[in-house]
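Right after this note come the structures.
Two complexes are shown next, each including chain A; its partner changes from chain B in the first to chain C in the second.
== the complex of A and B ==
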């Protein structure tokens, strides 16, 4: 499905990597209760999986975002950064969206433009939705089912609107028979056969095959309505036409934007958005140290990119402003994976030898320690995804007795692999992520103890698709160990794992199944997952897929990633949500004072 | 007041010493002095240059003996000491970046590697690249400079234009681009070996025009001198004139430029490693240490200060020494 592009959320988490170091011990005894502290900050971790200071929020005021990174695009069809999806709820609505609630509840779906979560018929192949009354565009005209269909159709026009996720195509039109609205010859440009709009209030989806995550995909920002007469094609991202409580007042790419209230939005038509502030601003800064400092100074309220404070900012904040910090577990997993096309990693025992030999504590330290880096990863399904078990599932004893590396076991596996004296290999790592290079160096040092000599190959991080994403290049350069990170596009095993582990997703360029896993059992489990509608059964299958992946020893998990995010003392009703991998849920943040 | 014990002995000596000095002075007056000898006499009187020279020698010895010194101290540049790192901030425990009896210059943040050992090993890279690239530059620069100056005409125009071109070339950008497309293995080298090889070649290659211009200019003026004319009229061949008449007279400027070029090359190596296109981990280099120190300049300033001071001392020592050599070799020099 992601032939066009690799996961943006992952990329951005990668950026998140520019993060933090630990404070677990001090964190535990620091503040943490609802509302204390000298300056009115809610307390350490007060908004982590719970709501901080909801009662202190008033209507009005200006909520100020800062970021070192602009969105890839504010066009609802094209954005792939997790923060863009989070932010876009200010100006776009979908048939369904995520509950505005902390933690796991926040990942549940709730009707938005639709009156309910849809009628499923025809064995899971047909979904019918009715639109709510009173839903309007920023010019006051009603949002129709045709607008929703047109917005969805736009994502077929990848030649003009590249960048966004393409789950809609793969579920509605897997053979890509539709060419997109710009090449659509029908008069209304609504030729996509898989979607019917019998009247302005009804929309019907026909899937060629059932998919149990279809509702998740409808909740993605990619499925937002777009009005045909307002579609400026590739320029739409400069001024998306709002269906939500805020509209674009100004936007200059790479500099910043201002959202103001959309006075045509009816609060009564929107059960999700509270729309507390009058105005929302975003300033793009080029320097993280500077933007962190200005957050700490109180010039801004929140970091849009949610990648955590940098090393300097984190140290100041931990010492002086701990009550303004949250330390959420993000949905990302950092890992090393072993392309099975590169000898001797075709042999499972050599893969296991590396997993056992690695010093997992050293890797964790390299990633920033337990607080800023995250807990030691023991398996490949993020705890925030249904079916994820966290450190409870640890088949290689990574966080247990083997956490400093199990030399004896590693040597034993090397013997079974037929390489008793070790071997030479290459670790591929992006050169623009200092933590990733540090983890590579840590692996290099610990592998040396069992005779595995690893050379570190650093490459330009923007060239992922052609370097580690190209199986032929990986084989040619003999990249036996690939260091990467990944986060879910939507919080299910499909949204996380299918591009990584399903053999159908092995691509010649932009590949994400770096290990080239080709396991009939895993493929079969994914097929089974997509046709299963029962939630508990889906969870069980997710767990099973994770176990199969781990049993194959394709991955050495590093960390279940954590960051230290800043929230100013001016804001309330703040909480992290699993819907956006542990980011703050932007849409309902309010200010404590309207000044 | 009590006299030191050895004083009587010293008093006994002066007569003999004076005699020896007089004898030496007589010998000099008779023999005359070679250029090298004059230069050495002058250099000896230049305390700053001598200090520089001693430091340079010391650095070379340290670099050569790095494995011995570190193993005597029980350290290894690649061994992690995570127990010395504060998990809260990833910085070394203790003051001044974890300086202690075991770790003379402290340990690195995050992984706790011994900074002293890494500085010593880093000196090897800096000096190796600095020296060898200077040698490359000197060899190419001298040969082409002499050819341009001696033959003149189209040879001179060609070589001079090439030099102009190279001097205008953005060498740092070129090296960065080159290193990133370099294969990981070549000529039997791999990893860091390739990087060092490429750095030496490229820094040397871009350095030769500086020497080439000087040599060309000197050659231009020397070839019109009477002694060259004399040799030519006696039937000496071009090769003979080039190597026996011209080259010995070019040695002085070449030495001066070489000593000035080495510190520049060391800085270039540091810059490349700083930018991540120098040696590969875990090999240590000063520039790369500086670059990773940026994230900790506030919390662990020593980590930035130490490689910075190492680069500073090395470059300063080479420059002082080079200045001294230039003054000493300059026939019109006042000292």
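== the complex of A and C ==
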């Protein structure tokens, strides 16, 4: 009975949404901006991996962001949302950062606070940086190497500043011997032994063992400087002290924020940031349809969360304002994975049977289709990560002749698995992600054709860490197929794949290696990667890791995710960057008019 | 009267304590039974076990539920200090908890958002009372007429259509289609006219739903009252029709309307979630929705308490108003 009621409500909601979509379309016809470039828009995909309208940008004006969600934290130590990292370049600087360029070039590192990309000695275990002259805080005081060290040390205070990435700890102090600056008994609270600051302009990092992605980690927002006397600990995210061209004027959690120019920032000290607008605002809306419509209406310039327009917004924009849209491939891959602790997925042939049986086009449609969902995923390394091959690498012929499912091969694999008549299993899926539920239903239907009966277990999406992230819980509930998605923390195989595929990252809670991959070859390749400094060799190893993962049939990739993102006609110098998984690079967007 | 008030206030206090216990149980026992550790949702993608343990300690999740409930009540009267890992956060009395998600005390969040929701609920209530009751009375007086049938069809539509439909429809027509208004919420302290402009659609949308219900109830009650002996007596005595309707019939008709109003207003003040979400109004409903998504228990608990309190207070006021409207009612 409950199911019937729910179903009825869903139908009612869907019907209502359809009618509203139609009406919204009609409304937009009356007030729309017209197609083509009449409204000044750069054109469809004009900012996708290329720069749109850079020459039209002027200094001044207010750049207006809207979002349906606030950041997890604006504290540079605590934030983990991709859009927060992207946005934080307005008010925070790091020793290194990403180039302000489109596509793959944007994922390359460039000096920011430092004069160069560092001197590497001691076989890759020591990195030395010198700070630029003229770098200042928002009160005009110089940014020192001690400030950089203190900002980095804060990452160790996970008891106070939880939530952010912990790559710095794992590379500089893997045994967690340092307890963070708040428990640091040294007089200056700068007791982290792995980092030296011989003078105010020099900072030296000592790694216990080399890691070829250390510079990538230094470019993360977690490595931003924080001034000790301005550190409000857990409340720092309410008003971070700026080292960048903008500073916080106001912030109300869940409502919005306003950034204004930091008049103490020296443009000459910053080769990266152009600081075009005078003011940057963010409004948090709870209604995606409304915020999409307001973007289209011109009330806002850009969506902060970069998750793309919703179904109604897409319908209107594609019809009326296509020139304001970009359709980038994001760094995210949506997938199903098979915990090898749950029978019969301990057998590679049973895993392959599921990969072959799935209808990949149907799954792509469930994700939103080729435009809003993405290209059919054929392997597990995002195309935006070095070593990623996109659809060129398709070991199970997922995007080729097997795109609607290969029943014969699936049955053959079932025979080799010792389950010729199929088996029963459970698909675990987050209940707050309608697209994931739809992909689970698609899988359920196609697996049934080869005798695999899958129940769908919908769980509270906010409890990932304790439900699918707990191997004992997965085994207890016999969750044979787990549906998830993943994007890179930084654009390398380590930043994307190590938590997913390296056996050292199997955790009892908060685990992300859901398949429980314990493959010495893969572990060895990651070890080899971290000690290899040559970029082309690193790329080669990345490709090899991806191949090993796919050969193990631990994953059924769904899509290389794509979204339809909106850019207003008021803005220029817009481009997507691989540094932030295909998001727009916010930091140098400017307005065409200062009014 | 005073004894009655004291009794009702005491009952309300007991009810609030029970509600706190229930909410705590839901948020701490249910995940426990499901084998889920709330602390893990506060750490990042690469959950460090030490970080999880530290978060558990910081949020007091290791304490027994009775201890957590006790700390909560104590905090309301004397304030509370949260200390962990060298970070000390003081939450001044009345401390209704502290949100470690958004790093703010719950009380300021409630006091910041309460007036927004109150404005929404009161404005809509005025509209639905005026139009709903008037439509209901007219329908009852002109039973079977075109007016009656038309009004009841509109009322039925109002009851049937969900707010997220009428809200989006209204926005698409008046904001994005005809551009008659901006439709964006503006704080009353920033601009009174801006606030008024932003609230018109939410008021009308919300009032459309409730006015429909009130019209139907008013019509039914009024028709019943008009058949009462004392109405016939009043008319027989030669009283003017407007006196019979306005003074005698309306008093009895208003009793069930007031009961409904008390419940509806109380519930709306607790958070008109759908309306606030549809129109992006930063009130209690929006706050609680975000809190539910983020598993932010302190905010959920605070809003739940405010909702309960609002319903209890509204009902108490309504009970007192009974005696004013209908002299036959005596408070005892």
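The rule is simple: the second predicted complex is superposed on the first by the 559 of 595 C-alpha atoms of A that agree within 3 Å, B and C clash if a C-alpha of one lies under 4 Å from a C-alpha of the other, contacts with A are read in each partner's own complex, and residues count from 1 in each chain.
FYI, a residue touches a chain if its C-beta (ideal position, glycine included) is under 8 Å from a C-beta of that chain, and two chains touch if they have at least 3 such contacts.
As the structure is a computational prediction, the values presented were derived from the model and not from experiment.
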Clash or fit (per the criteria above) of chain B with chain C on chain A: fit
Partner chain in contact with A:237 - chain B first, chain C second, else both or neither: second
Touched partner set for A:290, first chain B, second chain C, both or neither: second
Which superposed partner A:355 touches (first chain B, second chain C, both, neither): neither
Chain B or chain C, by number of chain A residues touched: C
First, second, both or neither for A:183, with chain B first and chain C second: second
First (chain B), second (chain C), both or neither touched by A:444: first
Partner chain(s) touched by A:426 [first = chain B, second = chain C, both, neither]: first
Contacts of A:157 with chain B and chain C, given as first, second, both or neither: second
CA minimum distance (chain B, chain C), superposed complexes, angstrom: 6
Contacts on chain A seen with chain B and repeated with chain C across the two complexes: 23-24, 26, 460
Sites on chain A touched by chain C in the complex: 12-13, 16, 19-20, 23-24, 26-28, 30-31, 70, 73, 80, 157-160, 162-167, 169, 176, 180, 182-183, 233-235, 237-238, 253-255, 285-287, 289-291, 293-294, 297, 299, 432, 460, 462-467, 469-470, 473, 476, 489, 499, 505, 507-510, 512
Of chain B, residues touching chain A in the complex: 78-80, 82, 85, 87-91, 110-111, 180, 184, 190-191, 276, 280-282, 292, 295-299
Chain A - residues contacting chain B, complex: 21-26, 310-312, 314-315, 318, 359, 361-362, 365-366, 368-372, 426, 431, 434, 437-438, 440-442, 444-445, 448, 455-458, 460, 477
Touching residues (chain side chain C, partner chain A) in the complex: 31, 34-38, 40-52, 54-55, 57-58, 84-87, 89, 100, 102-104, 162, 164-165, 168-169, 171-173, 175-179, 184, 276-280, 282, 286-287, 289-290, 293-295
